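Single-structure report; data block below.
Chain lettering (A, B, C and D) follows the sequence in which the chains are written, and residue indices restart at 1 in each chain.
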Amino acid sequence: MVTLGIIGAGRIGKVHTESISNYVKNARVKTIADPFMNDDLKSWAKAMGVENAVTDYKEILADDEIDAVLICSSTDTHSVISVEAIEAGKHVFCEKPIDHDITKIKQVIKALEGKNLKYQVGFNRRFDHNFKAVKQAIDAGAVGEQHIVKITSRDPEPPSPEYVAVSGGMFLDMTIHDFDMVRFLTDSDATEIYVQSAVLVDPAIGKAGDVDTAVITMKMENGAIAVIDNSRKAVYGYDQRAEVFGSKGMVATSNDTASTAVISNESGITGEKPLYFFLERYMQSFATEIKEFVDAIENDTEVPVGVMDGLKPVLMGMAAKKSVEEGRVVKLSEIEF
Amino acid sequence: MVTLGIIGAGRIGKVHTESISNYVKNARVKTIADPFMNDDLKSWAKAMGVENAVTDYKEILADDEIDAVLICSSTDTHSVISVEAIEAGKHVFCEKPIDHDITKIKQVIKALEGKNLKYQVGFNRRFDHNFKAVKQAIDAGAVGEQHIVKITSRDPEPPSPEYVAVSGGMFLDMTIHDFDMVRFLTDSDATEIYVQSAVLVDPAIGKAGDVDTAVITMKMENGAIAVIDNSRKAVYGYDQRAEVFGSKGMVATSNDTASTAVISNESGITGEKPLYFFLERYMQSFATEIKEFVDAIENDTEVPVGVMDGLKPVLMGMAAKKSVEEGRVVKLSEIEF
Amino acid sequence: MVTLGIIGAGRIGKVHTESISNYVKNARVKTIADPFMNDDLKSWAKAMGVENAVTDYKEILADDEIDAVLICSSTDTHSVISVEAIEAGKHVFCEKPIDHDITKIKQVIKALEGKNLKYQVGFNRRFDHNFKAVKQAIDAGAVGEQHIVKITSRDPEPPSPEYVAVSGGMFLDMTIHDFDMVRFLTDSDATEIYVQSAVLVDPAIGKAGDVDTAVITMKMENGAIAVIDNSRKAVYGYDQRAEVFGSKGMVATSNDTASTAVISNESGITGEKPLYFFLERYMQSFATEIKEFVDAIENDTEVPVGVMDGLKPVLMGMAAKKSVEEGRVVKLSEIEF
Amino acid sequence: MVTLGIIGAGRIGKVHTESISNYVKNARVKTIADPFMNDDLKSWAKAMGVENAVTDYKEILADDEIDAVLICSSTDTHSVISVEAIEAGKHVFCEKPIDHDITKIKQVIKALEGKNLKYQVGFNRRFDHNFKAVKQAIDAGAVGEQHIVKITSRDPEPPSPEYVAVSGGMFLDMTIHDFDMVRFLTDSDATEIYVQSAVLVDPAIGKAGDVDTAVITMKMENGAIAVIDNSRKAVYGYDQRAEVFGSKGMVATSNDTASTAVISNESGITGEKPLYFFLERYMQSFATEIKEFVDAIENDTEVPVGVMDGLKPVLMGMAAKKSVEEGRVVKLSEIEF
C-alpha cells in the first residue's frame, strides 16, 4: 500500500484523487493540499476518503507516512516543488511540463542524482487504450522499420488569450503531448524540427504572441520522418489520431466516440463526433498512469515516463519555437542543455 | 465470337446492349427487336454498333447467324419466347423471372431436354463485386459450417400501385433476387419458409393486394437458418447487404457509395448514402453475367445460373405467398411442381 | 443516501458491489449475504467498504437501516426472496429473470400491490451507451414510424451442458435480454412469435434439450416486424448489435472494441474484435442501472424497468419455446397469464 | 464529334484509346502513332475501332481531319510535340509532366499565345470520384476557411533504379500529382516549401540520386498549411487519401477497395486492401478527363487543367528538390521562371 499526498486541488488534482479512489487498489491519498482550500473542497476530499485537506503543501512533504506526492499545482511551481519533494525523500509524480525553463528542469535532474526515488512525468496519453494499442502493434512488429509517423492533435476550443499569455506558447502547452507521443511511438529522439505555423483560429492568440495552427516536421534518430498537425479548434471535437507507417505495414487509430450509433437518412450516414473534452477522452489514462507509478514504487522498478522523458519534449518545444521565429529548420543540437 | 440478338429494347435490354458493346469483347449484338421500335431507338442501336433494329423478334429467331438471344421483354412473354428460341436452336439468356407460373417454367425445362443449349437466368447479383467477394470468402473457408445467413434488401422507392398489380407480388418481383442470393451463398435449398409481413410503406400497395415490408425466415438444407428483410422504401437509398455467420467466422458486406468522402462538423461525422438506383449499384454485374454466358457458349461449359436456378426462387416466392395467406410455416415440399 | 443490502456474492453480486462503491455516490452497501461466505469474500467485502458480510440473507431483510436489496442469488430463489423482501418493506432490485415460472412472478406482482415500493429488474442492456444512443435517436424522431427492428446477439462461448440443463433454455436464459431490448426499442409488445432454431454449435446442448442457434420473428403492437438472431458461439467475440429501420431512416449500432487501432498490411486492413466478455462489454451499464434504481428511491419516481418489464420477456420466452416445440407461429395471447 | 489522334501507344496511350472507345461518345480516335508500331498493336487498334495505326506521329499532325492530339509519348518528347501540334493547329491533351525543364514549358506557353487552341494537362486525379467529392464539399462550404490540407500518396511498389534515373526524381515523377492535388483542393498556390526526405525503401534509389520517402510542407496563398506524405512502397497497396480541415469542419477521403466484404474471425475484423494498381484505382478518371477535354473543344470553353496548371507543379517539384539539396525552406519566388 502506497500512501500519497496530492499537491494542488484544481481540475487535474481532483481527477487523480477520484481515479485513485476508484481504481488504484494499492494506493490511498492521505492528504491533499491547495492554497485555496475551502469547505467545498474539504467535503469533496472527505467523500473521496482523503484524511486531510490542508492549505500548505509543506505539511505533505513533512509527513513521514507519505511515500509519494503528485504535483498538480500550477506549472510555474512544478520544478520547485519537485526539488523540495525529492529532498524530503518523496517519490514524485509531476504533471507536465516539469518547467518551461530548462535550467529548472536541470535542477530537478540534479536533485534526483544518487537518490533511489521514482520521478514520473504526467504524459498520460501513453496510457490511453488507443495509443497503447498502436505501440503494442509496433512492438509486435506490425510496422517493421518505421518510415513515416503522423500525429493529428486538434483541440475542440481555443484557450483564452489570458491563458495563452502564460501558457509558454502552443508548442510547450499543447504540442508537448504530441512530441512525447512521437518519442513514445518511435522509441527515438528528434534530431531536426521544422515548423510551418499560422494564426488562423483566433487573431487574439496572435496578438498574445502565439500561433494556433501548425504542421511540425521532424527527423527522428531511427530514420523515420515524423509530422504533427495541430489546431487549437476543430469544430467537430477533440481530434486525436496517430498513424505509423513502415516497411511491413501501417498502424493507425481513429477517435473515440460516445457510442457506435449511426443514423442513415436522406442527409447521409452519420456517426457521432469524437469525444469532445480531454477528460472524457483520456479519463482512463489518468488512472493507468498512476497505477503504473504506484506499482513502480511498490516493486522498485523503473517508472514508464521518467525525468528525461519530461525534459526531451521541452527541448523539442524550444526547437519548434526557434523554427517559427527564424523561419528555418532547427537542429535539436542547437538547443542548449 | 458469339453473335447475339436482343429481344426487348426497354431499360434492361438497353443496359445489356451497352455493356456488351463496351465490355464483352467476344460477343456482338447483331439485331435488337422491340414491338415499339422507333427512330430514336434505331439511331441509339446504330450508335451501339447494332446492325439491325426490328419490330418482330421472330426475325432474330429465324436468323441462322445468331447464336444466342437475350430475352429482355415483359415478364409474361419470357417463357413463351424461351421455348420458341430453344426450338429455333438458340442459346438463351432470360431475364428473371422465367415466369410466375410454374407450369410455364416446366415447359421451358421440357423444351431444353436433349438439346445441347445454354439457358441462363438473369440473377445478376451473383456477379456483383460485393456478393461475389462474400461467396469467395465462404468458398475459401472463412465461415466454416454455415449457421445464420442474413440478407437485407430494401428499395429506395416503392413501385407504383399499377406496377404492383401486375408484378406477381413483392416475393416474385423483389424478394426473388434475395431468394436467389440465399441459394447462391448457401449452395443449398430452402425446406421451410415463414413470412411475417406488413403494409407499412404505402396503403395503396395493400389495396393492390400486396405487402411492402417483410421478414422471411428459411430453414436451409445445409442446416443454416436464413433470414431476409425487405422493404419497398429506404429513405437513405438502395440498401443491399449480406451477412453469413458460421462455425469459423462471419463474412459481411455493406453498401457501395459514390465516394469515400466523409464530412466532420458540428452535426457529426457524415458519409455518403448508398448508391440510390439499381442500375448504378449493379451496372458492373450486368456486364459480367453476359460475359460468363458468352464464355459458356464459346467453351461449351455450364452456365453459372441455369434453368433450375430460375425455377427454385419462384417456388420459394410461392411458398412465401402461401405463408402470408395462411399465416403459417410452409414447407417447400407443399409447393406443387 | 440509500442504504443497500446485497443478496448473493457471486459474479454479478460482486460486480454490483464494486460499481456501487466506485460510481454510485448516493448509495452505500451495508451488508452482503451469501450462503458460501468465506474469508476471501469477507476481506474483499471489507476492501469494498461493506460493513457486514453474512451467511444468511434474512439478516439483511431484518435490518431496519437497509432501504433496498439487490437480489443476485441463483435464479430459482429470485421470486421467493423478492416476496420476502417486499413483505419486509424493502425496495428490490432483482436480477433477471424474476423466475421461469409465471405463477411465481405473479406472486411477486401480488406482493407489490398497494405497497409504495420500487421493484426494478436487471435488464442492464437498456443502460448500455450504444443501445441508449439508439433509443435516444428513435425518441428524437430519427426513425419515424418503425418498420423493421433487428437484434443480433451472439455469445463468444457456449455454456456448459450442465448449465444448459438448469438454465431454463436459451430463450429464457439468453434471448430474454433480446426480448427486453425489442420491447425497449419499440416501446411496444409482441403479439406473435415464430422461431426457426437449430443445434449447430454443440450437440451436447441438443442432448440437454436445448437449441444453440435461432432466428426469432415477432409481430409488434406498433406495427413493426422484429427479428432476433442468436448464436451461442461467435468465434470473433461477443456480438451485440441493433438496427431499427422506419419511415424516416435507420439507426444502428455496431460492437465496442478495446481500441480503434487498425493494422494495414499484406493480409488486409484489420481492426480489433468486439469486446469478448459481457462484463467488459456491459460494465458501465451495471453501474447506471443501479444509479437509476437508487435515484428512483431517493426521488420516489418510477423505476426504469419495472416488474411488468420483468414479466413480459418471460412470456415471450415461453411463446418462443412453444413455437419450437410445435413448429408454428404462436400468439402471445396463447401464453396463459 | 471530335476527331482525335493519339501519339504513343504505351500503357497510358492504350488506356486513353480504350476509354474513349467505351465512354466518350462525342469523340473518335482516327489514328494512333507509335515508333514501335507492330502487328499486335495494329490488331488491337483495329479492335478498338481506330482507323489508322502508324509509326510516325507527324502523319497525325498533317491530317486536317484530326482536331486534337493526345500526347502519350515519353516525357522527354512532350514539350517538343506539344509545340509542333500547336503549330499544326491541333488542340492538345498532354500527359503530365509537360517537361522537367521550365524553359521547354515556356516554349509551349509561348506557342499557345494568340491561338484559340485548347491545351489540357493530364492531372487525372482531379477527376477521380473521391477527390472530386472532396472538392465539391469544399466548394459547398463544408470546410470554411482552410487551415490544414493533408495528402497521403504512397505507391504499392517502388520503380526500378533504371526508371528512377530518368524519372526526374520523385518530386517531378510522383509528388507532382500531389502538388497538383494541393493546388486543386486549395484553389491556391504554394509560396514556401520544405521537404524532409529519406531513402528508406530501397538503397538503389538513393544510389540513383533520388529519395523514396518524404514529408513536404507548404505554405499556401490562401493561408492554409499543406502537407504531403509520400512513400514509394506501401505493402498494403496504393494509398491515396486527402484531408482538408478548416474553420467549419473537415472533409476526408479514404481508399477504394475491390469490395466492401469484411471477415470477422479469431484474428480480428478484416477488410480488403486498397486497390493495388493506379490503373484500377484511377481508371474512371482517365475517361472523365478526356470527356471534359473533348467537351471543352466542342463548346469552346476553358479546359479544366490548363498549361499553367501544368507548369506550377513543376515549379513546386523544383522547389522541393532545392529544399532537399540545401536542407532549408525554399520560397517559390526563388525558382526562376
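Rule of thumb we're sticking to: contacts are C-beta pairs under 8 Å (C-beta built on N, C-alpha and C of every residue); 3 or more make two chains touch, one makes a residue touch a chain.
Because the structure is a prediction, the values reported are computed rather than measured.
Colleague: With contacts defined as at the top, give the pair, C-D or A-C, that has more of them.
Modeller: A-C
Colleague: Could you check if the interface between copies chain B and chain C is built from the same residues on both sides, meaning over half shared, or from different ones?
Modeller: same
Colleague: Upon optimal superposition of chain A on chain B over Cα atoms, what rotation angle is obtained, reported to the nearest 5 degrees?
Modeller: It works out to 180 degrees.
Colleague: Look at all chain centres (mean of CA atoms) and spot the one farthest from the centre of chain B.
Modeller: Taking each chain's C-alpha mean as its centre, the farthest from chain B is A.
Colleague: Report the inter-centroid distance (CA atoms only) between chain C and chain D in whole Å.
Modeller: Roughly 58 Å separates the two chain centres.
Colleague: Can you check how far apart chain B and chain C are, centre to centre, with Cα atoms defining each centre and the answer in Å?
Modeller: 43
Colleague: Per the centroid of Cα atoms for each chain, what is the distance between chain A and chain C, given in Å?
Modeller: 40
Colleague: Got the chain D residues that touch at least 2 other chains?
Modeller: 234-236, 248-250, 263-266, 272
Colleague: Once bound in the complex, which stretches of chain A touch chain D?
Modeller: Chain A residues touching chain D: 145, 147-148, 150, 154, 192, 194, 196-198, 200-201, 213-215, 217-219, 223-225, 227, 229, 231, 233-236, 239, 245, 247-250, 327-329.
Colleague: Name, in rising order, each residue of chain A that touches chain B in their complex.
Modeller: Per the touch definition, chain A meets chain B at residues 234-236, 263-273.
Colleague: Quick check on the complex: what are the chain A residues that touch chain C?
Modeller: So the residues of chain A touching chain C come out as 22-23, 25, 47, 129-130, 132-134, 137, 142, 248-256, 258-266, 272.
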